[in-house]
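Structures given as structure tokens follow.
Two complexes, one shared chain (subunit A), two partners (subunit B, subunit C).
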Partner chain A sequence: MMPAAARAPTERAKTGIAILDQRLQGGFPRGCTLLLFSDKPTEKRIFGENFAVQGARSGERSLYVDFFRAPQLARGELKRFGPVDASKLIIVDATSSQLLLPSPEKYHIDDISNLDTIREAIIAAMRAEKPERIVIDSMEFLMDRFPKEDVLRLWRELIEAAHATGAIICFLFINWTLAEQDLVQIRSMVEFVVEFQSSLRGGIVRNSMRLSQMGADGVKTNWIPYAFKDLIGLTVYFPRILVTGPFNAGKSTIVRALSEKSVSIDRMGTTVAFDYGNVNVTGIEAEIFGTPGQERFEFIFKIFAREVSGVLLVIDATRPEELPRAKQMLDLVGPRIPYVVLANKSDLPGALAAMDIHRRMDLPEDVPVIATVATEDRGVRDALLILAEMIIGVR
Partner chain B sequence: MEERFPTNYSVLLAGPPGVGKFEYLLARIREDLRLGEKVAFVTLDMSPTEIRTRAKALHVDLSAHEGKSLVFVDCYSATSSDRPEPPTGKKTFLVSSFSNLEGISMAMSKAGQELGTPVRIYFYTISTLFLHNSPQAIAKFFQIVTSRSKTNLGFILYAVHEGVHEPLTMNLLRSLVDGVIEMRFTDSMEREMRIHHMRGYTVDAAWRRFSQLPEAVVNL
Partner chain C sequence: MLVDASARFQSLLAELRRLPGILGAEIARRDGILIAHSVPKTMDPKKIAAMSAAIVGTSEMAATEMGLGSFNQSIVDTDVGMMMATGAGEEAILVTMIRNEANMGLIHLGVDKAVQAIAGILQAEEVVA
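Now for the complex of A and B:
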């Protein structure tokens, strides 16, 4: 059943993550069920919060059931996303009663030791407010306190109640205690699973997520790295995109063309260490590193080639003799790293067409060659977007 | 064995309530800070304010290091009835609830990121988690946090209260760390401690008397 037209500003529920919404044909379909899952601790709560906030921002109503945070704390933490109409963000308070404090919220669960009370309070709030989005944070709280079968029954009842009003319901769940067959059962109850991973590498927390739509021909993405940005929310974030290619192909110009801020370490106009730029193009953030093109700086190249998300290979379209060298540079990056070839200086006389370059370099069919003019910022952003889509597996 | 715990290592400190685990932690922290190490204090049993005050009484000045080489992961304040502490201008990682095991783990990683690794983590106490979570969930949490701390963060020491957990639970916790230090009261209420074992090191496991800070700090 679809909600009344007036209550659904858009056909689908946007995540606010442009590249994901595009792949989902505008967002998640109304009335579907999402599972935000991980096996180990991650920052998946940001996704749940982001989903609720995006709804409230686009004029929908979001119901957030919080078993962990006092509502004062939850509302405070949600402010990191920037201004949101608090009346569109309805909290079901499950913690004040645990602390024997009066709840400041309209909806609250008064006896956290009773699953029936929990069910009634959540469903009453759903019926009264008819939210477009519902976030349950988190199911492991219940799974750790009540018999498994009872929790699974409640889980199904919440899904049914959400379906009845056309709301999208989103469950956060980290698995502490369940066996694989139980997880199979849980996955079978939902339409979309978003898995999360967090790792600490080099002292920095890196987050990634992977979306799969249940069913044989559903949407599936690769691991998408993401970060939280104050006042904005969840953004796709590539910690390392490499811009490489032969000497004097225009790599530094490309880094500059893409970047909000860029730094070049150069000597008499040619890059000797690296170029660095921070990119923000339509909801995608990336740190891009330009390597020097000369062979004697290959050791720098090898340092940057580690943990690379993707590569922009820049070639001078007017210099076909450099193509073998360009191909050789790809080998340094290693297999399975997505790359896009930028046929730069394509406005100059004698520039090879993209098709010719593809053929001469004997590239695999799915590797795009994009004609660019870095000095005029032509084609460069397209190339980055295409690379981003290849990395996250939505192209 | 050498006097300091190695990096990429995990230790459980077990002893009955009141025997002096907290003071021992403070002594280790003081030594770490003196040597220029970075320290994350994960507190479940006291507010950071209370820890600062108690440390001060024992002549350990934490405030000089806070925000630079020391941060708190505060799992206590959000669930105390007087609500989160007012901001003191010091970076604290607030965890919403004792039940939020995922939140505790991520706050510890964030603290490591903030300070820069390697970091020495002191967890006081793991016992409190048992009032709010199932032993199975804690076991998995403990195993993941220990492994993350050892491989990515540095060193971790957990304090646990002896005599309040099932023997099976204690054995499980002991089996998941590299080293175990025990503290006890003698019949005449003297305090004794020993190093039960330290993986990779030969240790003298004899019981030794120790007295409290600030008069004496027992070395390992």
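Now for the complex of A and C:
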């Protein structure tokens, strides 16, 4: 599917979400097609906007075809991402003509009731500006108004036109009406599908997305929770990472080492309630909760052990007798939650090697044990990144 | 629906803050996650959410341990004022920070009303979109 115009693979199109780019070996390959899909209204537009803005920021040109918003409104909303060179972000205006207003944009669709006019306007803008990224917001607008077969034909023509220039084209699509067989056909036209999901539980909105590459051995992720940060864009967001482990293993020190700002509720160095920190590393934001280690504070543990994204299990590598207690603490969190074991104090004499701990705790093969020295901030960040990758899912 | 609940929480908090002597108020989940807040910039709402959950959780445990019945409210009394963490339904708590000069009768009335409203909203909105 890669056209001749594609660039070197080192020049992939970054999404700006570091951990996703890493999984995609630097970003989306040039000349590919993306489908931002959901079957209910969700925040997929923000991914499309993020993708366009990231392009404009890295010196590429992005073409944004907006069927829903007036261009003034669209440009206003894009300001949430912070300063972006407006000349790199080209909007194809499809709303002004509907309102019988003159368009403030260079490119506009003059007759929204005619699919040929729509196609010509978009393709003319593509040919003239040669954008590296194209976002079509959205296909359900067309599906609602025109016969299915005609829209699918236009869809294919847009992909072809984009591929001819080596651009990445990104379609937003909510499926209201199509049957599964039509969806299969749509999926077969694209290389990547990003699905979106929003849920509301206990008064808090959680957004997540899942990326899958078509084909048997393509990249696939788990549901990735994300949040929008003003002036930055999309970041991966873990609402709760639990730092737990036996008494005096160094949990509080690890929370402190990871976070920019943290609080610890302790008496004479022993955590009696919890530690809390907010972490921001390489495109990941996470709330870190450290629990007390002693059994008598287990009720505190239970307050925070809900909706856990992942666990950093901290053990004192010099005290093998604590290992059974560590395993027991994992059981408190519940099954199927990704965890990483941190063999802390690994610089002290008599510290067990990571391999030994893995064997002694009888851990599943895919659970990593990482040697850390929390007091010197060694290995701690790596452990968090490995955990993040496990939550997001490898393949 | 998603936007609706959070807008209603915001207006609830705004109403509470109009009472004289209230420094700030926020709604948190009992597991320490922030739902909505209206606090001055000098306070970190996420930290307050986590701490209040720990205070409420500990208080609840203490009440049970002492055979004192079910939990309603925890109060932290200081030389400046007080912090009240009030249970709002099964899932949430309402945290109110109050100056000493405040009219406690009014505050209690306001908090009670807000707590009932929060519990009602949370019960109605268990949906997955």
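One rule holds in what follows: the second predicted complex is superposed on the first by the 384 of 395 C-alpha atoms of A that agree within 3 Å, B and C clash if a C-alpha of one lies under 4 Å from a C-alpha of the other, contacts with A are read in each partner's own complex, and residues count from 1 in each chain.
Convention: contacts are C-beta pairs under 8 Å (C-beta built on N, C-alpha and C of every residue); 3 or more make two chains touch, one makes a residue touch a chain.
Just so we're clear, the structure is a prediction, and the values are computed from it rather than from any experiment.
K.L.:
Have a look at subunit B and subunit C on subunit A after the superposition and call it: clash or fit.
P.N.:
Verdict on subunit A: clash between subunit B and subunit C.
K.L.:
State whether A:289 touches subunit B only (first), subunit C only (second), both chains, or neither.
P.N.:
In the superposition, A:289 touches subunit C alone.
K.L.:
Please work out whether A:223 is in contact with subunit B alone, subunit C alone, both, or neither, and reply first, second, both or neither.
P.N.:
The answer is neither, since A:223 touches no partner chain.
K.L.:
After lining up the shared chain so the two structures overlap, which partner does A:146 touch, if you call subunit B first and subunit C second: first, second, both or neither?
P.N.:
neither
K.L.:
Counting only touches as set out at the top, which of subunit B and subunit C does A:247 meet: first, second, both, neither?
P.N.:
Touch status of A:247: no partner.
K.L.:
Look at A:40 in the shared chain and tell me whether it touches subunit B only, subunit C only, both, or neither; answer first, second, both or neither.
P.N.:
After superposition on chain A, A:40 lies in contact with both partners, subunit B and subunit C.
K.L.:
Just to be sure I read the superposition right, which of the two partners does A:300 touch: subunit B = first, subunit C = second, or both, or neither?
P.N.:
In the superposed model, A:300 contacts subunit C only, not subunit B.
K.L.:
Report for A:276: first if it touches subunit B alone, second if subunit C alone, otherwise both or neither.
P.N.:
In the superposition, A:276 touches subunit C alone.
K.L.:
For A:99, decide between first (touching subunit B), second (touching subunit C), both and neither.
P.N.:
first
K.L.:
Once both complexes are aligned on A, which of 146-154, 164-172 or 182-190 in subunit B overlaps with subunit C?
P.N.:
Stretch clashing with the third chain: 146-154.
K.L.:
Which parts of subunit A are in contact with subunit B and also with subunit C?
P.N.:
Common interface on subunit A, subunit B vs subunit C: 40-42, 198-201, 203-205.
K.L.:
Residue numbers of subunit B touching subunit A in their complex, please.
P.N.:
78-79, 81, 83-84, 94, 96-97, 99-103, 105-106, 109-110, 112-113, 116-117, 133-134, 136-137, 140-141, 144-145, 148, 152-153
K.L.:
What does subunit A use to touch subunit C in their complex?
P.N.:
Touch residues, subunit A against subunit C: 40-42, 198-205, 239-240, 261, 263, 265, 273-274, 276, 278, 287, 289, 299-300, 302-307.
K.L.:
Under the stated contact criterion, what part of subunit C meets subunit A in this complex?
P.N.:
Spelled out, the residues of subunit C in touch with subunit A are 1-2, 5-6, 9, 27, 29-36, 44, 46-47, 50-51, 53-54, 57-58, 61, 91-92, 121-122, 125-129.
K.L.:
Touching subunit B in the complex: which residues of subunit A?
P.N.:
38, 40-43, 45, 67-70, 72-74, 95, 98-101, 138, 140-141, 144-145, 174, 176-177, 198-201, 203-205
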